[in-house]
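Before we start, here is the structure in question, set down as C-alpha cells.
Chain lettering (A, B and C) follows the sequence in which the chains are written, and residue indices restart at 1 in each chain.
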Amino acid sequence: MTTSTIVQRWFGDRIGPRVEAGSTVWFFRRDRLAMVSLIFIALLVLVAVFAPYLTPYANEGLGDPNLANKFLSPSVEHPFGTDSLGRDIAARMMFGTRTSLSIGLLVVVVAVLIGAPLGAVAGYFGGWVDEVIMRVTDVFLAFPPLLLAIAIAAALGPNFVNAMLAIALTWWPWYTRLVRAQALSLRERSFIEAAHGIGVKNLTIIWRHILPNVLTPVLVQATLDIGSAILTGAGLSFIGLGTQPPTADWGVMINEGRLYVLAGRWWIATFSGLAIFLTTLAFNLLGDGVRDAADPRTRGGG
Amino acid sequence: MSTTRESVLVEVKNLTMEFARRDGQLGGQEQRIRALDNVSLDVVRGETLGVVGESGCGKTTLGRCLLRLLTPVAGEVIFDGRDILALSLSSLRPLRREMQMVFQNPFSSLNPRMNVLNLVAEPLRTHTELRREELAGRVEELLVEVGLSSEHLKRFPHQLSGGQAQRVALARALALNPRFLVLDEPTSALDVSVQAQIINLLLELQRRHGLTYLFISHDLGVVQHISDRIAVMYLGQIVEMAASEDIFSSPQHPYTQALLSSTPVPDPDRDRKRIILAGVVPSPANPPPGCRFHTRCPHVMDICHTEEPKVYPVGEGHWATCHLLDTA
Amino acid sequence: MDQSLLTVDNLHVRFRTPIGDVHAVRGVSFSIDRGQVLGLVGETGCGKSVTGRSILGLVPHPGEITEGHITFDGQNLLGLSEREMHQVRGERIAMIFQDPATALNPVFTIGQQIIPVMKHHGVAAGAELKQRAIRLLDDVGLPDPASMMDVYPHQLSGGMQQRAMIAMALSSDPQLLIADEPTTALDVTIQAQILDLLISLQRSHNISVLLITHNLGIIAETCQRVVVLYAGQVAEQGEVRSIFHQPQHPYTQGLLAALPNPGSRGSDLKMIGGFVPSGLDPEPGCAFAPRCEFAMDVCTRRQPPLYEVGPGQRAACFLHDEAEGQEA
C-alpha cells in the first residue's frame, strides 16, 4: 500500500460534525469561488420565484407597456431605466430570470434523460447495439450544435418550449458519449461480474450498478452545461426563435435594445447582457468547483 | 481418481477456453490465447479443492468457466448432474443460487455506491420474494455469521477495512445458501493477520453448511492449509493433482517441485537449495510444443520437446503429466 | 558504531491532511552495517514504506519528517540541501520499487534509460558507457544484453523489467540499496530468481540492502537482521534467526502464528483479533495494546521502550520490564 492510499483510506473513516470530512461536499465548501457562485445562483432562483413581489412594476415585468415612461435613463425609481415601451427594465430582468433559469435547467435535464441511458446501454452491451446507438449519435454530432438548434427551432416554430427541445436535441449526444465511456470501463469491474454471478438481469444491472456510478461525471458536466444552455437559449431568443415578446427574456431584451445603443440609450441592452454574462460565469465556476471536489486527485491528498 | 459418481458435485470435462487478443500495434495480428487446454477434474462434495499456479496458468479462467461467467469454447461443466454450459440462460438463472464466487479484491467486487445492506440483499432481491423487514432480518443474520453486525448495515465499502469488506462479499455469496463456492484469491489482497481471520471463517462456514470450495490461489502456504486436494496448473493445463499432504511430501512434476522450492518459507533454517527455473513463463499465445514446461524444466529430455506427456498415476488419487513418470 | 553504514534515529514522519495529522512513523530507530541485509517488515499502515522513502527524502506530500536523525556514512542526510541530496540519490543510495513499470519510462529503450543515469553519476564516459551498460545488464541476468539495450520496457516480462530496474539502480555502484517490496508483483518462481539475484549481487558488490516487505518468508530467506514495525513503531528487532525462533513481542508472536504452515493443516490459525489503527490521533501507550492478549494496565498509559531480550535482540514490550511485568 502506498502512502497516498493510506491517507485516502483514512478520509473515508472520519465522520465530521455535520459533513463527512474529506467528502465531496466538504471539499466544495472550501472552494470560495464555487461557494460565491452557488450563493449568486441561489439568489437568482429566489428572484425568479418571487419576482412579482420584488418589484412595484410587476405588470410591466410581465409585458404591459407604460408608454408615458419611454426611454427613461437609470434613476432611483427605475434603477436600470425603462425600455422602448416604458417598461421598467429591472422588473423585466427579474422576470427574465425565470425564462433563463428554466431553459438552462430543462435543456440539461432533457439531454441527460435522453443521452445517459443511451450511453449506458451502448457501453454495457457493446456489439451491434453499441454500433447503432453510436452511429445515430455521430449523425447528431456532425452538425454544429448552434446551427442545428436554430434549424430545429425554426422548423418547430418559435416559442420557449420548442427552443428548449431544439437545444436539448443537440445536446444529448455528449452525454451519450460520456456515459458510454464510463460504462465501458465499469463493465470490466468485478462488481459487475459479481452481479452476473448472482443472476441479476442486464437491464437491472444497468439501472442498479452502471448508472449510479456514472452519476458524478454526469453531474459535473451537467452543471457546466447549464451556463452554456442559458447562453444558447438567450442566443435563440435574440434571433427571435425562442421566447416571444412580450414575455421577458434577456436575449429578447438585448435584441430590442440593440437598436438604441448607438442612439445613446445604452441601458436597455447592457444590463441584460451583463446578466447573461454573470449567470453563465457563475454556473461555469460552480461546475469547476463540483468537478474539483469530486476528483480525488485535486483534493490535495498524498 | 478414487471418487465415486455420487460424491462428485462438479465434474469438468475437456474444458477449453480461448481469448482473442490483438498484437498491440495498430492493425496487428489477432492472437488466440488458449487460457485452458482440455482441462478435466472432479470436485468432490464437501471438499476444498485448491488450484495453484502462476500468472497465465488459467486458474482464474477455470474458476469463471465453472460458474459460466465465461463461456468456454469446448467442454462440459456438470454440476450435480446437469451440464451448465448447455443450459439456456433462463434455466441457468435459478441454478446461480447454488454456486457463487468470491473475488480477490473486495473493494472491486462491491459496488462502491451501495451500502452493506443493499449489497448483501441483492441476491435475495433477485431470487426471492423477501422484502423490507424480512429482507433486512435475513441480511443481519448473514452479517452475524461472517463476524459483522447490524452496525455495518448502513456503511459503504470505502468505510470498511479490507477484512470487513471481504466478509461482506462472503455474506453476499452465502445469501442464497449455495452449495459450491469458487474463491478466487480471497485473501491475497489482505494483511497476514486479517488473512488468518478470513481463512478461519471460511473453514468454520464450510463445517457449518457443508460447503464445497474451489480455492484458487498463488500462495501455496494458504492453499495447503485449507485444501483437501490440490491441482497444480501451468499454461492452461493441470500438471499435477494430489491430496494436499502428498503434494508437499512427494511432488512428482518438476514444476510442482520448483513451485514448492521457490515459495518463501518463514523458517530461517530451511535448506535454501532452491530449484531456480531458467527463463520466463512462455506466452500463453505461443505455448511450447510437446510438454509445455520443457523450456524451463531442469530434467528435460528429448521426448519432451515433441510429445505431450500423458496422465501418469503416481499413487492413491495422485497423478502428474510428466514423461519422467513413464515407466514403460 | 564504526561498522554502521546507515543509522536511523528516532524518526517521526507526519502527514498533514485536511482531517487531521496522520502519524505514519513514530520514533523508529535502527541501523544497517556495511554489507548487511536488513529487513523491514510489517503490515499495512506500519510505516515501512514511508521510512524507506524518508531515507532518500522521497516522502510524498503532505508528509514531512518532524523529528529524528538519519546518518549515512557519517553524513547527516536530513541536513543536506536538495541539491546535495540529489547527489546521494542514485549514486550512493539507490532504490527499487514494487512496480517496475512505474520506474521505467515506456517511451525510451532500456539503453536510453540506463546510459544517462550512468553518465550523470560520472560512472564512465563516451564509448565505455555502452560497454559498461551491457555488462551491467548481463550481471543482472538479462539474456542477450547487447540486444536488450534496444528493447522497450513493455516488451519485457515483469521479472525482466525488475532486473532492468536493478541494473539501473546498481549502475553507479551505490553503497546502500533500498528495495521496497521488489518482488510483490511477481510470480513466485520469478520472485525466487530476483531474490537470488539480489543476494548474489549484494555479495559480489558488498552492498548493504534495506529490504522492505510484508512477506515474512522473504525475510527469513534473505535477511540477516530484521526490524518488525507496527503502526509506525518498532515492535521488535534482532537477528532473523532469533526473531523467528524466539519472538519476544506479542505482535511478532501473533504474526508468526497466523501464518499457515505445513503443520497447521485442518486446525484454525491462531489469529490476531481487531485491526491496525489508523495513525490519526494515536492513543497513548503501546499501539498494539488494544489487540494484545497480554496487555496490562501500563500498556495503555505509556509507550514501552525497547528492552534487551537476547543477544542483539530487542522488543518494545512491558512484559520484559523487570519492574512492571514478568519475564516472558
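In the analysis below, a residue touches a chain if its C-beta (ideal position, glycine included) is under 8 Å from a C-beta of that chain, and two chains touch if they have at least 3 such contacts.
Owing to the predicted nature of the structure, the values given are computational and were not obtained by experimental measurement.
**Q** Just to be sure I understand: going only through chains that touch, what's the smallest number of steps from chain B to chain C?
**A** Shortest path length, in steps: 1.
**Q** I need the chain pair with the most C-beta contacts, please.
**A** B-C
**Q** Measure off the straight-line distance from the CA centroid of chain B to the CA centroid of chain C, and report it in whole Å.
**A** It comes to 32 Å between the two C-alpha centres.
**Q** Rounded to the nearest whole Å, what is the centre-to-centre distance of chain A and chain C, using the mean of the C-alpha atoms as each centre?
**A** 52
**Q** Compute the distance, rounded to whole Å, between the mean C-alpha positions of chain A and chain B.
**A** It comes to 49 Å between the two C-alpha centres.
**Q** Enumerate the residues of chain C that touch no fewer than two other chains.
**A** If we look for residues of chain C contacting two or more partner chains, we find 44.
**Q** In chain A, what residues contact two or more other chains?
**A** 9, 13
**Q** For chain B, write out the residues touching at least two other chains, lowest number first.
**A** As it turns out, chain B has no residue touching two or more other chains.
**Q** How about chain C: which of its residues touch chain B in the complex?
**A** Residues 43-44, 143, 154, 157, 159-160, 187-193, 195-196, 214-221, 240-241, 244-245, 254-256, 258-262, 264-265, 268-273, 275-276 of chain C touch chain B in their complex.
**Q** Could you pull out which chain A residues touch chain B in their complex?
**A** My answer: residues 9, 12-13, 189-191, 193-200, 204, 208-209, 212-213, 215.
**Q** Which positions of chain B touch chain A when the two form their complex?
**A** 64, 67, 69, 92-94, 96-97, 100-101, 103-105, 108-114, 122-123, 126-127, 156, 158-159, 169, 172
**Q** Mind pulling up the chain B residues that touch chain C in the complex?
**A** 24, 54-55, 161-163, 191-197, 199-200, 203-204, 218, 220-222, 224-226, 244-245, 248, 258-259, 261-270, 272, 274, 276-277, 279-281
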